[in-house]
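Order of writing sets the chain letters: A, B, C, D and E. Residues in each chain are counted from 1.
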Amino acid sequence: MIRIYRWDQASGCGRFLQLSELPTTIQEACAEQVVWWIDLENPTTEEEARIYREFLPIHPLTIEDITRIRRLPDDGQPHLPKVEEFRDYLFVITNPIPLGSTVDALEQPMQPTQLSAVLTRHVLITHHYMPLEAITSVVRYLERHDEQGERGPDYLFHLILDVQVDGYAPLLDRIVDELETIEESIYERTMASLLNRLLQVKRRILGLRKTLILEREVLARLNRGEFQLVDAREVVYYRNVYDHLVRYTELIESGREMVTDLMQSHMTAISNRLNEIMKVLAMISTVVLPMTLVAGIYGMNFEHMPELHWTVGYPLALSMMATLGIGSFVFFRWKKWI
Amino acid sequence: MIRIYRWDQASGCGRFLQLSELPTTIQEACAEQVVWWIDLENPTTEEEARIYREFLPIHPLTIEDITRIRRLPDDGQPHLPKVEEFRDYLFVITNPIPLGSTVDALEQPMQPTQLSAVLTRHVLITHHYMPLEAITSVVRYLERHDEQGERGPDYLFHLILDVQVDGYAPLLDRIVDELETIEESIYERTMASLLNRLLQVKRRILGLRKTLILEREVLARLNRGEFQLVDAREVVYYRNVYDHLVRYTELIESGREMVTDLMQSHMTAISNRLNEIMKVLAMISTVVLPMTLVAGIYGMNFEHMPELHWTVGYPLALSMMATLGIGSFVFFRWKKWI
Amino acid sequence: MIRIYRWDQASGCGRFLQLSELPTTIQEACAEQVVWWIDLENPTTEEEARIYREFLPIHPLTIEDITRIRRLPDDGQPHLPKVEEFRDYLFVITNPIPLGSTVDALEQPMQPTQLSAVLTRHVLITHHYMPLEAITSVVRYLERHDEQGERGPDYLFHLILDVQVDGYAPLLDRIVDELETIEESIYERTMASLLNRLLQVKRRILGLRKTLILEREVLARLNRGEFQLVDAREVVYYRNVYDHLVRYTELIESGREMVTDLMQSHMTAISNRLNEIMKVLAMISTVVLPMTLVAGIYGMNFEHMPELHWTVGYPLALSMMATLGIGSFVFFRWKKWI
Amino acid sequence: MIRIYRWDQASGCGRFLQLSELPTTIQEACAEQVVWWIDLENPTTEEEARIYREFLPIHPLTIEDITRIRRLPDDGQPHLPKVEEFRDYLFVITNPIPLGSTVDALEQPMQPTQLSAVLTRHVLITHHYMPLEAITSVVRYLERHDEQGERGPDYLFHLILDVQVDGYAPLLDRIVDELETIEESIYERTMASLLNRLLQVKRRILGLRKTLILEREVLARLNRGEFQLVDAREVVYYRNVYDHLVRYTELIESGREMVTDLMQSHMTAISNRLNEIMKVLAMISTVVLPMTLVAGIYGMNFEHMPELHWTVGYPLALSMMATLGIGSFVFFRWKKWI
Amino acid sequence: MIRIYRWDQASGCGRFLQLSELPTTIQEACAEQVVWWIDLENPTTEEEARIYREFLPIHPLTIEDITRIRRLPDDGQPHLPKVEEFRDYLFVITNPIPLGSTVDALEQPMQPTQLSAVLTRHVLITHHYMPLEAITSVVRYLERHDEQGERGPDYLFHLILDVQVDGYAPLLDRIVDELETIEESIYERTMASLLNRLLQVKRRILGLRKTLILEREVLARLNRGEFQLVDAREVVYYRNVYDHLVRYTELIESGREMVTDLMQSHMTAISNRLNEIMKVLAMISTVVLPMTLVAGIYGMNFEHMPELHWTVGYPLALSMMATLGIGSFVFFRWKKWI
């Protein structure tokens, strides 16, 4: 599906067009003072050819990077975030969370998808295989404020990045919730499953962290005034998105630290359990074994055992046992050994 | 609430004004050689509009950052410390500890708040939602030394930062005290609660550390002469604040190191306890089991057991038991096995 | 074996030649506008002398680096990846996986081999002792598209690097598969062999990681426009290879992290097993020892033990035992001690 | 106490003066070609005012830093090492070990003190609250070689730094000795006190390390020719002091590594002890429990137990016990289980 | 002992001279186009004065660094590797392994010695207290190729460095061998001595690593064209030595990683042993204790125990015991508890 938005200075307003209204080449399209945004959502190869070979011819390697997910369906991984400057365009890849994937966040591995953008002075082309919140939300915004196209492709692209980056927030919340759930149950049960779940969350954290760090790098470069296509006027907007990424990175680092702490707690809990079990064993043995010894002694069959004939022999033996049992328990307790 | 301080060269002294005395725009306000400090404490949106839209119009994104706590009450987190240069002003965010929050420091998670400052050549505007020691203390200072306004907004802002940064000291003391309390009790009890408390302190440390590192970064940039608005003459004051942050960062790093050491001590203490428990068990078993065996032997019902008919059989058996018990104990002790 | 490919502008096409068709020196060879690619696969010392001393004389230290594997057969290690600029050529070493070595990847230590390349404006000389997928695949490509020589030695070299770098992918897959196999069996058995296998994979990962990091460094330098021999036009191709190396490095880092996690899981599994074993021991002792004590008591031979004469003495004793056994079990269970 | 040294070109020699001989201001003092060194040892506030406000007026913040120990007696910590350039002087703080504090090094926390130096082209002012080896040794040197003042304040200051830095050596020796003592006793006893002592040494190491790293930073900056007040001719001397700091840093890093290793050894020693204790328990149980079972069997009161009536019943039972005991011991030993 | 080599352009060849043939000063010595190499092996102080004070006067601090080992015999440590530029010479220190010290490498701590070199445009002076392979091998080389002096002191110095750096190889081999020996025996015995040996190797590794890293730093600086005394023509030779250091650093890092892995294996092996010991104990107790209980029951002396009078009582009791023993064993086994 292709969405086409066009703003021109003459009318001062923008609107969404049909593909048939798109001029053949960018030279024709930019004769006057205009701004184009072309969005390809899960496009056919014909649509891709129309845009990337006919309308705005780009480098074959850029096309290769853009179409990575379709070309390598087995791998399924998007291209990692990057920004690359070509002679006549800027090429940016980010990894947004696709629409609807945050709900069942931790049950299956997070699968970020790929958003590829090509920017020139007058044109922004975005490309993605999955429907994205960032795109639909900016489309809705332009429907309400069509004149905003005037601020140029770099401003439009920032709007997309802004929504996209904030799309990580629910996922981060989910991770923190999960960690808190694990934390609550860490002293209850010391099951192997707990560690499994923790390592699963950790893998999720490391994956998200990698994405955040690489995107922060991309935003930092867009910020620095390294690329002329990003106007000085818009740098402050990119800086704002960068700030959000910094915050999320801090959150994810805290999450990572928390995983380490929980693992440590888990190991300590296991060791504590062992100590408790051993204490029970030591207590029982300390109390019962000496008593059993006394019983054993008076169970011997010697002919000459005067105690056996005493009337108070039996009660005496029983109290000796009780004394021994309680005594050894008290003694070890007093020595703080158990 | 808005506080307004104005110093002018003509009179050479400064005083606090009413909001009604504030000129409409900064152009009017700075016609002569003056210095303004405007402080907004938990302001209404009207007050914010009066200052940030009418008096000194600033970028919408700056307003967004300033009002973050009000806009996102659920999140509750202040914007992370940063310094940002705009064409006509410098924008600084720091995270002070709000007044009165240090007393119950460790019972609840530390909640730093947000102080946002806008600096121009003649004006300093500060904004915060909670009452701050840093602000009230500088207000009191200016009431006593009203002529100090002469040194400019950058000097006034340094005064605020100086008090603010020293506000971390009691919190750091509290953390160190807590760590020392934990340290004293680490060999007494090996409760799970100890680790919990330790991890709680650790989280506090990591949070404070993040704040300190980011603010040190901000101060380092203000130091470096990167921004023209900070006079060479005042750089030495910012360097002084920076020095304090370095000291606090060193303290917090020591605290972090100490947490790691205490965790290690805790684990070692648990292992030592286990060794002690097991030693008791081994000692009891080593002494009593062989004695019980002897008792068992002479409790057998064989017809032909000559010892049973000896007069000294019983005392002999008892001494055999004693010998065995003491002997095996001594033997294992001598082998240094228990 | 020497393969010689030559493209010239006059005819506009390229073809593979015999060694006898090679001009004596590079000066003769490059009189017209031509591109040469000379590949030495496990060459004789005569062939090396023909190329590196006669055709294109290079520095003795470069020859030393190129022939390292032959000179030091005991060590068997290739030279580590590097790029080195000389006055009249660029010298690059990479470490490809030799053909056929990925199948039995983990059974024996991965043995990357050495690919040495000398680049001038008109000539690419590659040298390797083992047959390489990267070389044969580019040879096949040039047989089909002989005119591609026109793009120069830097483009040809990029083609080789591209195939070579993707040769790491199956090895990475193999490592990830192995890690997943280990992960599945980590709670089943806690054999020492598991740790051994894990450490073996770890060593493999660290070896591959070192190669990837050094090659990424080489590619980064080729990217940066540091060397004039790499045309601006071709930099984008080198950037593409670099991107792949970044992805593989990320994968290998994940693998490394996973090894650490699996070690932790292994240790936790061992500790859990110990807890389970001790629980059995504690349970048995807790239940049986008190019962044995009762039996011991009624096995004593005192004359005056009234219970012994009761008709219900025996059943009473048995139920006392049962009560004690079940009771102590229930008690400790209730205290959550076992 | 104030010491004043003055060298002048006219006489070519230097001597120590009384405070009354000091000119009122530096302008008077430096009319001719002279070199001054003024040392304030635990001075009164009047002495400080005489030097820092009258003789050579310095920035109030510098005075604040210099007098930190007196102003904050509760904190007791010196200002961390730093170098700071002002318009007309260079300000350096280092943290020397005070005289006599190395003897009882590990019994109480190392307490470095503060040495503050102000350097101009003609004057060196040093300030400290405790008597310092570095100062007295340079005083003695100047008494013997009074003409050395000719080389300027930067040379004099280097002499002080040189002695000061070498003052860390005995402390480092003490730490290494302590670590070696701990190492020797690590397998003897596994007391909690050992870990305590180790952590105490570690804290000492981390404190010293922080000082060394910050001073190395200071020396590195003095080396780099960053400050004009340090003559190119003297840079080599500062480089020499820097070298010593590098060596000490390497030593302290080794000490830190050794602490980590000793902790690991300690934990392993505890685990080994546990294994040994458990082995004793397992051995006793394995040998004695089966023997006791046999005794129990022949202690049963069945009417029809033919063995009881055999003449060889008793010796047979005893040998059966011996066989069982030895047998199960040998069996488990052979299985390498104990 | 002093060795003196001199090459002059007039004759085009070099030869070794007697000390008496050495001109008094470097000015005399370098009147014509010559190259000198002066090697001081464990020289007397007179010889040092002849060279460093008379022939080529150098800075007193350089002399101090050169003579460190003699000045501080107690410390015994060489000066750490460094390169230092003076106005008229370059001063380099490296730490070679002295001749014959590699054989008994691990039995005693590796003791690298110090090689100090002073380089000018025409003169190379080397100084060392122990005989060095690097020196004797270059002497032998110059005896065979006396004309090589033509390439200058920087080339001669590179020859020395090349041999010296390769002198680390046998030591590295020795460390790897030792680690492999330890690895083989890690599951056999879990003696404390193993950890001791491992920590000893680790200390050796860390020592060598420090040397390698600092020397790599020195070589990197000599490479970078930072010092004019190293001709562009010779940089490639220094780069070659640097490459070797990179390889050795990689090897030593692998060794370090391996030490960590072996420690982990050792701890796991200890834990596994504990599990095995406990399993034996649990097995014995599980089987024997219930049987003993049955024996105890039928050893009670109640008057009314019908089973005691049954003819099949005894066999029944024995089979009950067998059933209980086997049963509880099978039950716990089936539950996978032991």
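Rule of thumb we're sticking to: a contact is a pair of C-beta atoms (placed from the backbone, for glycine too) under 8 Å apart; a residue touches a chain by one contact, two chains touch by 3 or more.
Everything numeric in this text was worked out from a predicted model, so none of it was measured.
**Q** Could you leave chain D out and let me know how the rest splits into touching groups, if at all?
**A** one piece
**Q** State which chains count as neighbours of chain A and simultaneously of chain C.
**A** Chains in contact with chain A as well as chain C: not a single one.
**Q** Between copies chain A and chain E, what's the superposition rotation on C-alpha atoms, in steps of 5 degrees?
**A** With C-alpha atoms aligned, the rotation comes to 145 degrees.
**Q** Roughly how far is chain B from chain D, going centre to centre by Cα mean, in whole Å?
**A** Averaging C-alpha atoms per chain gives centres 26 Å apart.
**Q** Mind checking the centre-to-centre distance between chain B and chain E? Centres are C-alpha means, answer in whole Å.
**A** Distance between chain centres, rounded to whole Å: 42 Å.
**Q** Two-or-more-chain contact residues of chain C, please, as numbers and ranges.
**A** 267, 271, 274, 278-279, 281, 285, 289, 292, 296, 299-301, 305, in rising order.
**Q** Based on which chains touch which, is the overall arrangement a line, ring, star, complete graph, or other?
**A** ring
**Q** Just walk me round the ring: chain A, then chain C, then whatever comes after, in order.
**A** A, C, E, D, B
**Q** What residues on chain B touch chain A, complex-wise?
**A** Against chain A, chain B makes touches at 59, 61, 64-65, 77, 79-80, 82, 84, 86, 190, 192, 195-196, 199, 202-203, 206, 210, 263, 266-267, 270-271, 273-274, 276-281, 284-285, 288-289, 291-292, 295-296, 298-301, 305, 307-311, 313-314, 317-318, 321.
**Q** Within the complex, which stretch of chain A touches chain B?
**A** Residues of chain A touching chain B: 187, 236-237, 239-240, 243, 246-247, 250, 254, 257-258, 261, 264-265, 267-269, 271-272, 274-275, 278-279, 281-282, 285-286, 289-290, 292-293, 296-297, 299-305, 328, 332, 337-338.
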